[in-house]
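Chains: A, B, C and D, in written order; residue numbering restarts at 1 for each.
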Amino acid sequence: MKKLLNDPAAYADETLAGLCCAHPEFYRLSPESPRVVVRPDSPVQGRVGIVTGGGSGHLPVFTGYVGRGLLNACAIGDVFASPSADEMAIAMRAANGGAGVLRLYGNYGGDIMNFEMAGEMVELEDITSSTVKVADDVASASTAERAKRRGVAGMVYAFKIAGAAAEKGFDLDKVTRVAQKAADNARSIGVALSPCIVPKAGKPTFTLQENEMEIGMGIHGEPGVRRSELKPANVVADEMLDAILSDGAVKGGDRVSVLVNSLGATPLEELYILFARVADRLDKLGAQIVMPLVGRYATSMEMTGASLTVLILDPELEELLRAPAECAFWKVG
Amino acid sequence: MKKLLNDPAAYADETLAGLCCAHPEFYRLSPESPRVVVRPDSPVQGRVGIVTGGGSGHLPVFTGYVGRGLLNACAIGDVFASPSADEMAIAMRAANGGAGVLRLYGNYGGDIMNFEMAGEMVELEDITSSTVKVADDVASASTAERAKRRGVAGMVYAFKIAGAAAEKGFDLDKVTRVAQKAADNARSIGVALSPCIVPKAGKPTFTLQENEMEIGMGIHGEPGVRRSELKPANVVADEMLDAILSDGAVKGGDRVSVLVNSLGATPLEELYILFARVADRLDKLGAQIVMPLVGRYATSMEMTGASLTVLILDPELEELLRAPAECAFWKVG
Amino acid sequence: MRVLEGRLTMITIVDVRDAISRIQHQVQQTADDLCARDGQLGDGDLGITLEKAFNRLAEIGPTLPEDLGKAFAAAAAAVSKVSSSSFGTLLATGLLAAAKRSIGKTELHSTAVPDLLRAACQKMSERGSASLGDKTVLDAIDAAARALDSHPKDSVSAVITAVDETLSLFRDRQCKIGRARIFSDRSIGLDDPGMVAFRVMVGALKSS
Amino acid sequence: MRVLEGRLTMITIVDVRDAISRIQHQVQQTADDLCARDGQLGDGDLGITLEKAFNRLAEIGPTLPEDLGKAFAAAAAAVSKVSSSSFGTLLATGLLAAAKRSIGKTELHSTAVPDLLRAACQKMSERGSASLGDKTVLDAIDAAARALDSHPKDSVSAVITAVDETLSLFRDRQCKIGRARIFSDRSIGLDDPGMVAFRVMVGALKSS
């Protein structure tokens, strides 16, 4: 766990500058802030704008998903820290094509406070907005307290579906409704094997013994549900899938999408080993996997571990999931 | 550095099974071997087939690049080990559409011996074939001994360009010629910060002290050119770029593609920090960057570190690089 | 400080500027300590957040308008620009609440201060979904407001005493909100860093 | 072993099958040692490679045709199927070279063995781009061929002596090829594992 960086304080800014320099067709830095990334063609007049925001250190989340059929703009904070309300307001303005703006982000205290503040700021400028908070991490609160859950990799599905809805010209209410449905239908859980280093802190976010893993650990190292010895991949896959299925049952005939996501260091090889098991289990339940995603979609820099997300589809969600979309990290259609 | 796996001996097989299960539109296991992955539409009658082969543990290399406008088939060995000649022959048969087969792979002793043996095997079946060995790692031998260099991330460019040439219907000679040109024009160098674990070995491939890095280390942990304390990202980028430029000068007006590649654990954030520096340096030289690639294109499982590849383009290579292509990990056009 | 010590008086923009510069000065002395306290339970940035906020406020101090509502609103905007951590956002939220109650006024009677604090506290509680009793800065602000109700004349000292008592009262309880919540067991025996930050701010208002 | 000991004789498929089963037996005893030796310089799989190759050869032994050319070719194909490590591929390459020289023959005179070894060695050298003197199995094979030239009657013992001498001769030199090349300094003082593997194979042919 060592890092290639210049100044820890410049980590987020240098990352964003490099990102926009490498992919100008997808990402443009706002002239008003080096922490706001905007789609070059945004705002699209008459279309609902989708904005998100959150800390650095999770690429492709958050800003990587700015793109056609995805997000319009994103405000980015320091590593694992919320962007400011001011930056969020800049992102909202850049996303506003007159049809309203959906704030679609993960359920974290700091992000919520700042996005609410940003909403109040732009309200004065006659920008209508709505909010969907993604709270998909089943490890972070019980079924009864769903709304308290953290937002993790499931937000990738919400971005995709909301983005497709906006691209189709749905109005703000409808975009908000499908985004909320995607968020509600997504359930995730992660397993961490080793930590990452927040550049400014310079030390690991947590410690695990050489033979330990933690099921349910959060993407910033928030405590999980169970620490145990490192188990075989199939057992880990089962534990994750069981936690998800016991929260929201998947039945024969259901169509689901599945995201097997690396937290960073865990290689594709191991994701496919996990995927094979999850696919086998879902197959035995009679569920049909649609457009599975396996890779690094929502990370915590160089953390070792993986997360599993199951999104239960209905025809509307499936159509939006399959709709064309394009950013530097994900192309659909 | 911990791994999510079941049986170390089954690592490669389970990975490939999961890969083909997740993406049946791109990858099909050969009925003759669980270590040969074939494009579902291969062989394409009358088109040159492109095959590669090499060890597991480098995803998306090798087998991930089977796809439209890319490779037809791939033989995969155990982690960091060559596939057998037999498996390579199976891949060659699966790629043979009657117009010949290009064997396009990295310059490693085991792979060479087996691919030559495979060539002799299928020769008896009237399959014409040619060979291009990618030897892009400038750290592994001097300019005078170029042919001895190891093949690393530069092979991704060779796959793309050869695949596009085959897709355009070029004959075997011409496909071989452009693949060789791509291989000759690609130069790479890596920097390793921490090792990975080969599942069957169960221990790290090498050791580096907490504050050490090694410039030029190979993707299996082969010794590099210089071990030093960990330097700032810009210095690392400069050292890598300088090694490449001193081997093959880039001049004002040149058009180049650049691949900033993670060896596995190093996150996208840090790749973009490196990219920003490389882009700045090339800009100062007056070179134009075309279709830069930043991400995990050729890895060593969970190794920490990055590599830089510079591909010098001419109009023919640029056209082939930009031609449409699609696999689970890379879509162009 | 003229305003809050030993007498009832009218507060103007001059007093606000004075308060800002006193707090800015004090925060510089204590930033490291606040970071260390926050580091035990959270991400260790609280001192930096306060420094950034008050440095910025000190910068714009001279340009703040006489209208206290506008001044508080400008202060809120400034704080929300330089900070996104919880405390900064809550501070901005509180300032905005105070701004709404003060718009059009160039003077405020010192007896109005408890009400402003309560309005701020109320809005901060909504924004952060925290309640009194959750062991956050809110409990310190509420205690300050109550102290001012009962001791309108010896206000700064009374507030300091009240905040110190609140710190003691909550020390052995669990943090129920924010980053510290996830370490709620570890938070027993430790002061809530946000309360300590508020203590630093009111402490700065006492004449030396 | 009948063929190579104390007398000139004709080699048939029976002798080949016998040699295979003797070597398979011996390889099982020494696989761990070979892996350990390979582990010091390379990837530590040499013992496994030999085990897999000879287990497979022993399996197909009874089905090998009388035509020695076809038998060697079938053996080459079998080895290349189960192994992809250098030694396995070189073994298959050598067997294929021997096959080409033996096609159509059901008997081989024992004096023809040195030529077969040289043909194999030549083809293996091409395939692996290694030369004699690079401290590889090639040097041991070459030494074996030369020993057979000069001692056609006491062949196995002569080969064993020659291979042992070759091991000593190269021990303090650097490996110049294969995985061991990258650790070429470390290879000084260590036997080349491939030579040791060849020593195990010929050792197995000596009657106990």
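Throughout what follows, contacts are C-beta pairs under 8 Å (C-beta built on N, C-alpha and C of every residue); 3 or more make two chains touch, one makes a residue touch a chain.
Just so it is clear, the model here is predicted, and its values are computed rather than measured.
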{"item": "Chain hops separating subunit D from subunit A, counting only touching neighbours", "value": "2"}
{"item": "Where subunit B and subunit C overlap in contact partners, by chain label", "value": "A"}
{"item": "Mean-CA-position distance for subunit C and subunit A (Å)", "value": "34"}
{"item": "Computed distance of Cα centres, subunit B from subunit A, in Å", "value": "29"}
{"item": "Intercentroid distance (Cα basis), subunit D paired with subunit C, Å", "value": "83"}
{"item": "Chain-level touch network, classified as line, ring, star, complete or other", "value": "line"}
{"item": "Chain pairs in mutual contact under the definition given at the outset", "value": "A-B, A-C, B-D"}
{"item": "Contacting residues of subunit A [partner subunit C, same complex]", "value": "77, 80-87, 109-110, 112-114, 116-117, 120, 198, 201, 218, 222-223"}
{"item": "Residues of subunit B defined as touching subunit A within the complex", "value": "1-6, 11-12, 14-19, 21-23, 56-57, 59-60, 64, 191, 193-194, 196, 210-211, 213, 230, 232-234, 236, 264-276, 279, 292, 294-296, 299, 301-302, 304, 306, 328-329, 331"}
{"item": "Partner subunit A, residues of subunit C touching it in the complex", "value": "43-45, 77, 80-86, 88-90, 92-93, 96, 127-129, 177-179, 182"}
